[in-house]
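The following pair of complexes shares a single chain, subunit A, combined with subunit B in the former and subunit C in the latter.
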Partner chain A sequence: MAEFSWDVRSPLDRALVAGQYGAQGDAGVSLTEIRNFDLVQVIVRRGKAADTAQAAKARFGVATPETPKAVQTTDATLIWSGPDQFFVLSKDGKHGTEALAQPFASSASLSDQSHARVLISISGARARTMLAKLSSIDLHHDAFALGAAAATSMDHTSVTLWRGNDRDGLAVFNVLVFATFAESLWHTILDSAAEYGVAISHSEELA
Partner chain B sequence: MAGNQKNRLTSGGLIDRSASLNFRFDGKSFSGFQGDTLASALVASGVKLVGRSFKYHRPRGILTASSEEPNALVELRTGARREPNTKATTAELYEGLEAASQNRWPSLRHDVMSVNQLFAPIFVAGFYYKTFMWPAKFWEAIYEPAIRRAAGLGRAAGTADPDHYDKAWAHCDVLIAGSGPAGLAAALGAGRSGARVILCEEDFTAGGRLLSDGGMIDGLPAADWLSRTLAELAAMPDVRIMTRTTLFGVYDGGTYGAIERVNDHLPVPPEHQVRQRLWRIVAKRSIVAAGAIERPIVFAGNDTPGVMMASAMRTYVTRYAATPAKRVALFTNNEDGWRTVETALGAGLQIAAVVDARPDVSPAHRSLASKNGFTVLHGSVSGVDGGKDGVRKISVSLTGGARAEVEADGLAISGGWNPTVGLTSYHRGRPKWRDDIAAFVPDGAPPGMVAAGAANGAFGLGACLREGFEAGTMAARDTGRTGNAGSTPVADDEIFSLAPLWHVAGKGKAFVDQQHDVTASDIELAQREGFESVEHLKRYTTLGMATDQGKTSNVAGLAIMAAVSGRTIPETGTTIYRPPYVPVAIGAFAGHHRDETFHATRLTPSHHWAAEQGAIFVDTGLWKRAQWYPRAGEKDWLESVTREVKAVRSGVGFCDVSTLGKIDVHGPDAGAFLDRVYINTFSSLAVGKARYGLMLREDGIVYDDGTTSRLAEDHYFLTATTAKAGLVMQHLEFCRQVLFPELDVQLTSVSDQWAQFSIAGPKTRDLLKEIVDPAEDLSNEGFPFMGAREVALRGGIRARLFRISFSGEMAFEISVPARYGEAMARNLMLAGRQFGVTPYGTEALGVMRIEKGHIAGPELSGTTTAADLGLGKMMSTKKDFIGRVMAGREALVAPDRQVVVGIKATDKARRLRSGAHIIPKGQTPGPGNDQGYITSVCFSPTLDQWIGLALVQRGRERIGEIVHAHDPLRGEDYDVELCNPVFYDPDGGRQRG
Partner chain C sequence: MRITCPFCGERELGEFTYLGDAKPVRPVAGASEGEVFDYVYLRDNIAGVMSENWYHGGGCRAWLKVTRNTLTHEISAVEPAAGVGAAKVGA
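And now, the complex of A and B:
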């Protein structure tokens, strides 16, 4: 019998070429694709908002975001995705669909989205300037503070956008895009970022 | 090189004499300096003739020094980068610039079509409508092409633009248009208050008229104040000054459009950079400080090269150190025009005379005249003697009736100033007439917008600063920014004195709209012929419809109309103002969305694997789908598709069907919810089973179909067609949130989570046994038709397996998390190698569904009912569902509806084509006997002939009848037989076996 191997392949596996892209010199934009994460869509069942919040508080130690915000704990990020719903982003199955099934059994419906999205982390001195070409959202540091999130669109493609913790004094923007749109958006990002110089990488670590 | 810049002053101006730039105009070499525009470099080089006019091919020169220029339009650059109708007055000079004049042949100086002037009497307003009426068929073939050759402007490049463009958003509290004194003062007021400010300036240098007219501000010369102010603004992190950026439009909700000419000042944009960027700016408040445009006075010969706006003449002399004339005459009706005298004298030019239309001239001006030895004539310029070499002499009608002549090689004209009321009027605000300045000022501006300074009719320097500063401070305050704005910059106000004068009667053509060659007599003719309304006037004469949108001509035109129709100017009114304020290239609107990236695309999980196999892809909505997989030696698509179908029917094949919409339906009421959205029942579906479902729209017409499986008591997995995936999700969310909020049900799109493959053919189970964990029972009993459950795969991952068939064969669909999709394709090839597994594309998929009589997009056309599709019996009578009541309407249940039926040609060799009409045999085709049309066709390898599906009146009752297929589009007529739509395995034994 044949041996079957099940390689996990990111939708950006072909399009992402690690290294420098566009203008030479110091890269104004850093693009890092985060691979192999767990992403669960949690939607509150009818009338169970308080139960869900309680279950989440018990599980994650933080309140669930009720407005467009992302809440980061040591091993998970809860990202608002709409009224009465949020994503749980984590690693290594710790808060994956199976792990969360029991805690939310009576209060929320879960859908695994780990393979349905691509996660791109965008930073660098020109990150905001570049993102202004893709997003209609005001990303000024006052208007889109640490932990701000948005369910919005880039290049006619639905995305979830949130601001993570700063890195080296610079803002970090995280974009979750539908997997089948990822390569298309990736090329648009490169087109938009090329003039600033781009440092491209991928990582297995959540920021 | 500077030697041939014979009209360049030796000092002064905002040009860098150490940076000489070579350029070519009409093939001839010239030079200029960094800081020049093409127009200023031409002025410095003594070039007066720059173009030929639109209709009469009259020689034209440079009228203005800014974006309102009607005449000095050139083709800039060459080859694929050639840009027609580019204003020389705004094109920045760069090394190696190439420009060519337009609308002349064989050359600018010797233009054959200038004979048009001799026929001028027939080229009057409305001449198209009057002249080219007969014979009608000559219009397209002869008249229009001839007119287009003779009239018109520059030529488009005709090849793809090699440059990139992009688009960006910007956000601010206060948006300011214009960086003249009012705009800068506004930026100071708003910026110091702590507001986020964006200031757009279309010029490449900030300063506006300060650069040309100077003045003293806060005790400093204007240039010093300007650099101090720009430094102060640059130090504010939230104030952004965008030069080379024109605010061109105002849209809803405080959104503005601006075009930034990022790299138009270079021959080629640097690598990775864009040529232009389109900005959408969201602002809480906006201040229009876009200044005013000096207006001409209309008189005979006013289009002669060398006739120039007085303010433009000052700009060329002061800003560019380039002298348009040696001996200047000035024709003015206002005090401001006199500034030109001071500027000209300061540059060492001679003043030939000042013609002032006002009854009085101040003693100061009189003494200036006597000191400098020029005469002041009371009256008006009524004619110009000159031609393509420029002005030689002007005729003056003196007050009191006498005439005078003045020798001059340049004529500066000033008829007063028109505030730029475009931006404030784009939401249908109508400008308001002010008698004291004889000009329209903004009124009815969009919410949050104010005008300040000259744009608001405040023409004094001090007033501009005061108004701008106050507007900036107030706008900041409105947005909650209340920092200390300090004090307003202070300057004196100039005397304002103007006697309105629009048109001087005289012999010869007097141009109102120079770009469209509209004369004063055209306006008078339009009035006589009844086109008195300004909107009619505009369209009949084309006044103001050229690329400059009448910036220098509209007000003069309607003033002349007012005079001849016996109305006041405000009674005559203005036409509606519409964006864009300046022409904006389509490329800028497209941004990066061109060619292959015209729109976003979606790739299936096995896309790159399929590409490696050499698949041909087809665009299906946004998706790229493998259409077929050609093999070496196959002569066309049909051969490949036929091979794929035969391979599936005789062995096994697989196809990526991940494009289907996939929705998790969760919750205790999931079954009840599905019962309401589908015509058939799902609450009764057992866990581990799949069912085909059909949805209707509210109006009873079929919306979509697909299989839905029950994976757990409170979890269904719904699929929708590729085409309707997004719409079905929207529809279901609407049902959940609005129609049935009482149901406890949750919906999540999981379309991208799962890679899904259809595996079909008699050897499907053999293949699956290779890859599925041996512990899983795949027998007909253990996994019957329409079974659905999770299984373990060899190698350690889990998959969902659905025993459903679209092909009519024994088939399964298998789903794995999407990042395993490519591995799945490879593993299916591996597992099926011994069975000759064949990947197949959407064409083979389509062939097999037509052979099996399954409906798809062409039948789910938004006009068909469930019964039309042969699925009427699926409609439950035991429950309510969306569309049930409306589906019972008389016309939707009429017995003569067009219903799905199979067709095959009586001539087995004939190719069928969809779209052909079905007509009863022996009848002449016409709307009265059109009984339907062919919806889907394919070549059936199984039947070895073309077959199809059609919607035909009473089709199911007419099986076996020969009808006529009429295809007027392709000119085909042939007979077809109506037959059972299920061509293949009608009793379904193969898919159940």
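And now, the complex of A and C:
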């Protein structure tokens, strides 16, 4: 029987080339792929909204996002992804599917999306200008403040978008995209960002 | 045209898919052939205010019931379709 060696690789393994891209000089946009995260989709069962909220509060110490927003705790981020559903983003299995199975056993259904999505963190002085080419959502600070989230589309691709904590005084936009669409969206982002200069990297650290 | 999703807020038309008239109701089991034929095939071609099903597939993936004027494209109401979201039923 053939021996198989399964390597865990990012869906952007081929497309992502770390370093500078596009216009020379100071990069206006920085793109960081976040790798090796745990992502669980939590979907409330019928009539169990209150039970799920209670279970989440007990587990995470915060209220679940019931409107489009992302809620950060010390070791997890809860991101609204639709009516009565949200993502739990964390690292090192702390809040992975196995860890969450028991707390949500009687209220919500879980689906492990850790290897089904790619997480791209977008920041830089020209990040908003670049994103304006891809998204019809108003990302101005007054309209899309810290912790704002949206289930939306970029380049006809469904994404979950939310604003994380600022880095170096600049806004950080996180994009979760389906793994099989990630390479296509990545190239679209690169094309859109090239004129501003891009700094490309990947990281194991959740922003 | 923009649609104000009750969950997401105002979004561009491209995020939505049109399904059609929200009025037809599936006949009960054992309904006459005429009633089933009407439900499956016969549609009103409304010039004016119409109740329509739309799908927010490019966003929160909720089904919506949109009240739209087919002459002016003016949208007067958007609400979640029946059964959308666990919180809407039995909560």
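By our rule, the second predicted complex is superposed on the first by the 202 of 207 C-alpha atoms of A that agree within 3 Å, B and C clash if a C-alpha of one lies under 4 Å from a C-alpha of the other, contacts with A are read in each partner's own complex, and residues count from 1 in each chain.
Here, a contact is a pair of C-beta atoms (placed from the backbone, for glycine too) under 8 Å apart; a residue touches a chain by one contact, two chains touch by 3 or more.
Owing to the predicted nature of the structure, the values given are computational and were not obtained by experimental measurement.
Trainee: Quick check for you: in the superposed arrangement, does A:Pro68 touch first (subunit B), second (subunit C), both or neither?
Mentor: The answer is second: A:Pro68 touches subunit C but not subunit B.
Trainee: A:His156 in the overlay: touching subunit B, subunit C, both, or neither? Say first, second, both or neither.
Mentor: Both partners.
Trainee: Of subunit B and subunit C, which one contacts the greater number of residues in subunit A?
Mentor: Subunit A has more residues touched by B than by the other partner.
Trainee: Touch test for A:Ser136: subunit B only (first), subunit C only (second), both, or neither?
Mentor: both
Trainee: Look at A:Gly82 in the shared chain and tell me whether it touches subunit B only, subunit C only, both, or neither; answer first, second, both or neither.
Mentor: In the superposed model, A:Gly82 contacts subunit C only, not subunit B.
Trainee: Could you say whether A:Asn174 touches subunit B, subunit C, both of them, or neither, answering first, second, both or neither?
Mentor: Touch status of A:Asn174: no partner.
Trainee: For A:Thr97, select first, second, both or neither according to whether it touches subunit B, subunit C, the two together, or no partner.
Mentor: Neither subunit B nor subunit C is touched by A:Thr97.
Trainee: Just to be sure I read the superposition right, which of the two partners does A:Ser30 touch: subunit B = first, subunit C = second, or both, or neither?
Mentor: neither
Trainee: One more residue to check, A:Arg46. First (subunit B), second (subunit C), both or neither?
Mentor: Both partners, subunit B and subunit C.
Trainee: Quick check on my understanding: which residues of subunit A belong to both its subunit B contact set and its subunit C contact set?
Mentor: 43-47, 136, 156
Trainee: Once bound in the complex, which stretches of subunit C touch subunit A?
Mentor: Its residues touching subunit A are 7-9, 11-12, 14-15, 57-62, 80, 84-91.
Trainee: For a test of understanding, state which residues of subunit B touch subunit A in their complex under the given definition.
Mentor: That would be residues 164, 166-171, 196, 238, 271-274, 280, 282, 592, 597, 599-605, 608, 622-623, 658, 664, 666-669, 714, 743-754, 770-771, 793-797, 817-823, 827, 830-831, 833 of subunit B.
Trainee: Considering the complex alone, what residue numbers of subunit A touch subunit B?
Mentor: 1-11, 13-14, 22-23, 41, 43-47, 108-117, 132-133, 135-138, 140, 143, 155-157, 178-181, 183-185, 187-188, 191-192, 194-195
Trainee: Please give the residue numbers of subunit A that touch subunit C in the complex, ascending.
Mentor: Listed in rising order, the residues are 43-50, 67-68, 81-84, 136, 150-153, 156, 158.
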